[in-house]
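Several structures are given next for inspection.
Next, two complexes with subunit A in common: one pairs it with subunit B, the other with subunit C.
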Partner chain A sequence: MLKSDIDKYLGQGRLVLSIGDFSARLKSSCASVGVHLHDVYRDYRFVKFDHQLHDQFLDVRPPNLLRDLMKKQIIPDPGFQFPAVPLPASMGALAFEMGLNISVALKTYNRLILHAGAVANDKGGVIISAASGGGKSTLTALLMQEGFRLLSDEFGIIELNDHTLLPYPRPVSLKNASIDVIREVAGDEWISAVIKDGPKGDIAYRRARSDDIARAYETAVPRLIIFPKFEKGAVAAISKVASADTVMRLIASSTNYQIIGKDAFRAVNHIAKQAQAYEVTYGSSADALSLFRTIAEGTVL
Partner chain B sequence: MKHNWLKIAVGLKALPPNPQELYEFVEYADREHILAQVAYSHSMHKEDISSIKPVCADADALVIKFDNAWIRAAYDQRMLMFESDRVERALAHYNIQPTLLKGGAYVIAGHRAGQGRRVSDLDIMVADGELSQVEKALIMAGWQGDETVDNDYDQAYYRKWMHELPPMRHQRRRTLIDVHHRLTPKTARIELAHEKMIEAAVKIEGRQIRVLAPTDRFLHAAYHAFYDGELDTPARSLIEIYYLFDDLTQKEIIHLLARARDIGAEKPLFMALQILAEYFDHSKANDLLKAFALLTGVQIPLSSKVIFWLVKTQMSSNAFSSMAKLFLYIRGHWMRMPFFMLLKHLSMKAFRKPTKQLPKNFLENDLFG
Partner chain C sequence: MLAGPSQQDTVWCADKACCVIEPHEEAWYVYHTLSGETHLLNFLSYEVLKLLFDTPLDAEAIAEHVRIGLDFDIEDCPLSLIRQTIQELDIAGFIRPSDKVKFSNA
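Up next is the complex of A and B:
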């Protein structure tokens, strides 16, 4: 779609972004959102909204008229009541990414959502499960350089019928020091402009590659589960995680496990049985990568 | 909202054949939290989920949307069944049989109005004299006053004027319960005879729980929709009234007016009948209205006609609907309390700092970047 059409339809709320099996209708009057789409989403497929049913809706807009006049702020509005913290209007990229994440996490019930990074190669998928700040986005981006395709840096999406990983390749969000780490290995042309002084410091996005996007329909069988644990100055260590423990950790990381119930229970148990799980403690990204290679050599990947 | 959408919602009419109207209808149903009920009424989930496909544009995408909504509603219902069991346990020792109200009652009684219905909390009613014992027993079982009403003004306000305790939240499961001891606030302009309704309540077989008798359930739903609150998800309230009315037996319908007079629900009854005739073209409602017109001493009060017009205007999404919405909001409060109390109450609410709460698992999972 032409840039000018993207801008036009985005303003009218008639822009649909398709990523694999998911589609989102988008609306925004905020210039920095358009810039984000032109840059970080330049290889994605946009279509004009023509009353096709979609999975997500997102409007990035001023919180209210008064605030708009006074302060130039924006919030992501996913179409249902959600208390979002207003951001400066220049941070459209961040509001957009947050808003779409919220919508996926809180409105998807027909697939198990794990808060995890996910990558895959032809032999199978890797789930990288960590709390925020645990380094899942960084490790996801590093593995993209190791011959893996990106599934997602935020969501491990599990199909409830065959328990495979469904790709949802959105840009990888990098924070603070990891921006330059990834810039070095991926190359400057793959990294977006840096948003300075966001709620969690600096943020930048590593673009998904055309191949990641094109293969977004290809599911992967989860073979490896990594629980990364970043500790400054930590001695690198790997330990195997038993499958019962893996089940409990995956459940804790899910946004919709309780809501789905039985099918979600079956899915996590199957995954934990089928895949090998390791906790990886590391103090630097070089450590993380070499530990991962050690694990990968010993498994099917 | 289009005039025939409620008929579509309950399955009296087919889904819209053209994509634009289908889209608008689905969006409306989603916003009103009735998508899973729509899925149910269009047969999607009566048997095998994937076996029946709706006949409409975009059918594949719609099946996925229905399925998604159905899973969400199924969770609400599991939660509710589980919570009702816990409440029953907490009260069994004191030999107290609570009466389940609203969504909880429909679900537990296996009523059509409960199929696919979203339920966010459990509403129970106990006798006035049992109230303090019930509160103590629930606290012992892990419920506590919810954080959102954990301030002196709200606590005192509920206890002095309302028909229910301040909402209580289970400290581990985070589920909400409303404990009623009446069906209407002490200050309300229409009062329901809750003692008579408790007396007629029906025990659920094998359980220490009751639900209102079918006629009372319908009249309470009508009262709740039009005389208690601001009708903020009208579609949900109105299809509920449809299902509850539609399932009344001929005998129950014959006695409807007498019972409504007996418990003080005459105005809600007239409102409900007008709605049933207008939006569902329900023949029994039409017949009743005609019969009432012939009876001497039965007259639809002017106020019910005005409210009916306001509700219609709010739902029609025309130029006046936001004004009608504002009227209904003010009226919602007006119905609950005398004027000076209302002034004081609304000014308290306007000037205190709003508290925003994130869903709990969200804070833990933290998807903000």
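Up next is the complex of A and C:
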């Protein structure tokens, strides 16, 4: 789709972004959202909304008329109420990514959603599950450089019929020090402009590669689960996580386990028994990669 | 959950159709379809639940079966421990008083 058409349909709320099996109808009059789409989403498929079914809706808009005119601010509006702190209008990328994440996390009912990074190679998938700040995005981006394809930076999406990982390859969100770490290994051309002084500090996005996007329909069997734990100055350590403990951790990381119920229960138990799980404590990205390689050597990956 | 205080001779039962069970190394995850809750059971709780799937029993009979099944003596598995386990399973909604009434000879 032409850039001018993207801008036009975005402003009218008639732009649909397709990522694998997911589609989102988008609306925004905020210039920085358009810039973000042209830059970080340049390899994705956009179509004009023609009343087709879509999974998510997102409007990035001013919180009220006043904030459209003075000291311009924006909020992500996914079509349902949730507490959103208004951001400066220049942070359209952040509002867009946050809004789409909230929408996927809270409005997906036909798949199990884990808050996790996910990558895969031809032998299987890796789920990287951590709380915010645990280093899942950094490790996800590092593993992309190791030859893994990106499934998702933010979500481990589990199909309920066969318990495979469904890709949802959006740009990888990098924060603060990890921006330069990934820039160094991936190259400057793969990193977006840095948004300074966001709610969690500086933010930049590592673009998904064309191959990641093209293979967004190819599911992967989860073979390895990593629970990364970043601690500044920590001595690198690996410990195996028992399957019962893995189930507990996966349930805690899910945004829709309680809604899905029995099928979600079956999925987490199956994954925990099928995959090997490890807690990885690290103090640097070099440690994280080295530990991952050690683990991968002992598994099917 | 039992309404009112539990009797010493309450006969308990459990409905297997309401439970989805996933065994792990030394623990059992049980999804209770009626409440939608997920529970993690240890070997003792699971043994009691398993017994009650098959046959309604009172606490003393449960204790006897558990001791035989797990090769425990009375010190390892006193009646008080069984009563506590029964109470926990009752609160979780896994077991309920059976319609069968235990008649005493007295």
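Methods note: the second predicted complex is superposed on the first by the 301 of 301 C-alpha atoms of A that agree within 3 Å, B and C clash if a C-alpha of one lies under 4 Å from a C-alpha of the other, contacts with A are read in each partner's own complex, and residues count from 1 in each chain.
In the analysis below, contacts are C-beta pairs under 8 Å (C-beta built on N, C-alpha and C of every residue); 3 or more make two chains touch, one makes a residue touch a chain.
All values reported here derive from a predicted model rather than from experimental measurement.
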Item to check | Fit-or-clash call for subunit B and subunit C when the two complexes are aligned on subunit A | outcome: fit
Checklist entry - Is A:276 contacted by the first partner subunit B, the second partner subunit C, both or neither? => result neither
Item to check | First, second, both or neither for A:261, with subunit B first and subunit C second | outcome: both
Checklist entry - Between subunit B (first) and subunit C (second), which, if any, makes contact with A:32: first, second, both or neither? => result neither
Checklist entry - With the two structures laid over each other on chain A, which partner does A:164 touch: subunit B (first), subunit C (second), both, or neither? => result neither
Next on the checklist: To the nearest 10 degrees, give me the subunit B-subunit A-subunit C angle using C-alpha centres.
Outcome noted: 60
Checklist entry - Once the shared chain is lined up, is A:243 touching subunit B (first), subunit C (second), both, or neither of them? => result second
Checklist entry - Which partner does A:105 contact after superposing on A: first (subunit B), second (subunit C), both, neither? => result first
Next on the checklist: Quick check on the superposed pair: does A:178 touch subunit B, subunit C, both, or neither? Answer first, second, both or neither.
Outcome noted: neither
Checklist entry - Does the superposition put A:251 against subunit B (first), subunit C (second), both, or neither? => result second
Next on the checklist: How many Å separate the nearest C-alpha atoms of subunit B and subunit C in the overlaid structures?
Outcome noted: 5
Next on the checklist: Going by the contact definition given at the top, which residues of subunit A touch subunit B in one complex and subunit C in the other?
Outcome noted: 258, 261
Item to check | Sites on subunit A touched by subunit C in the complex | outcome: 242-244, 247-248, 251, 258, 261-262, 265-266, 269, 272-273
Next on the checklist: Can you tell me which positions in subunit A touch subunit B when the two form their complex?
Outcome noted: 50-53, 79, 83, 94, 97-98, 101-102, 105-110, 115, 131-132, 154, 173, 175, 198-200, 203, 253, 255, 258-261
Checklist entry - Where on subunit C does subunit A make contact in their complex? => result 20, 22, 24-27, 29, 31, 33, 36, 38, 40
Checklist entry - In the complex formed with subunit A, which residues of subunit B make contact? => result 19-20, 22-24, 26, 31, 58, 61-62, 64-65, 67-69, 71-72, 74-75, 78, 356-359, 361-362, 365-369
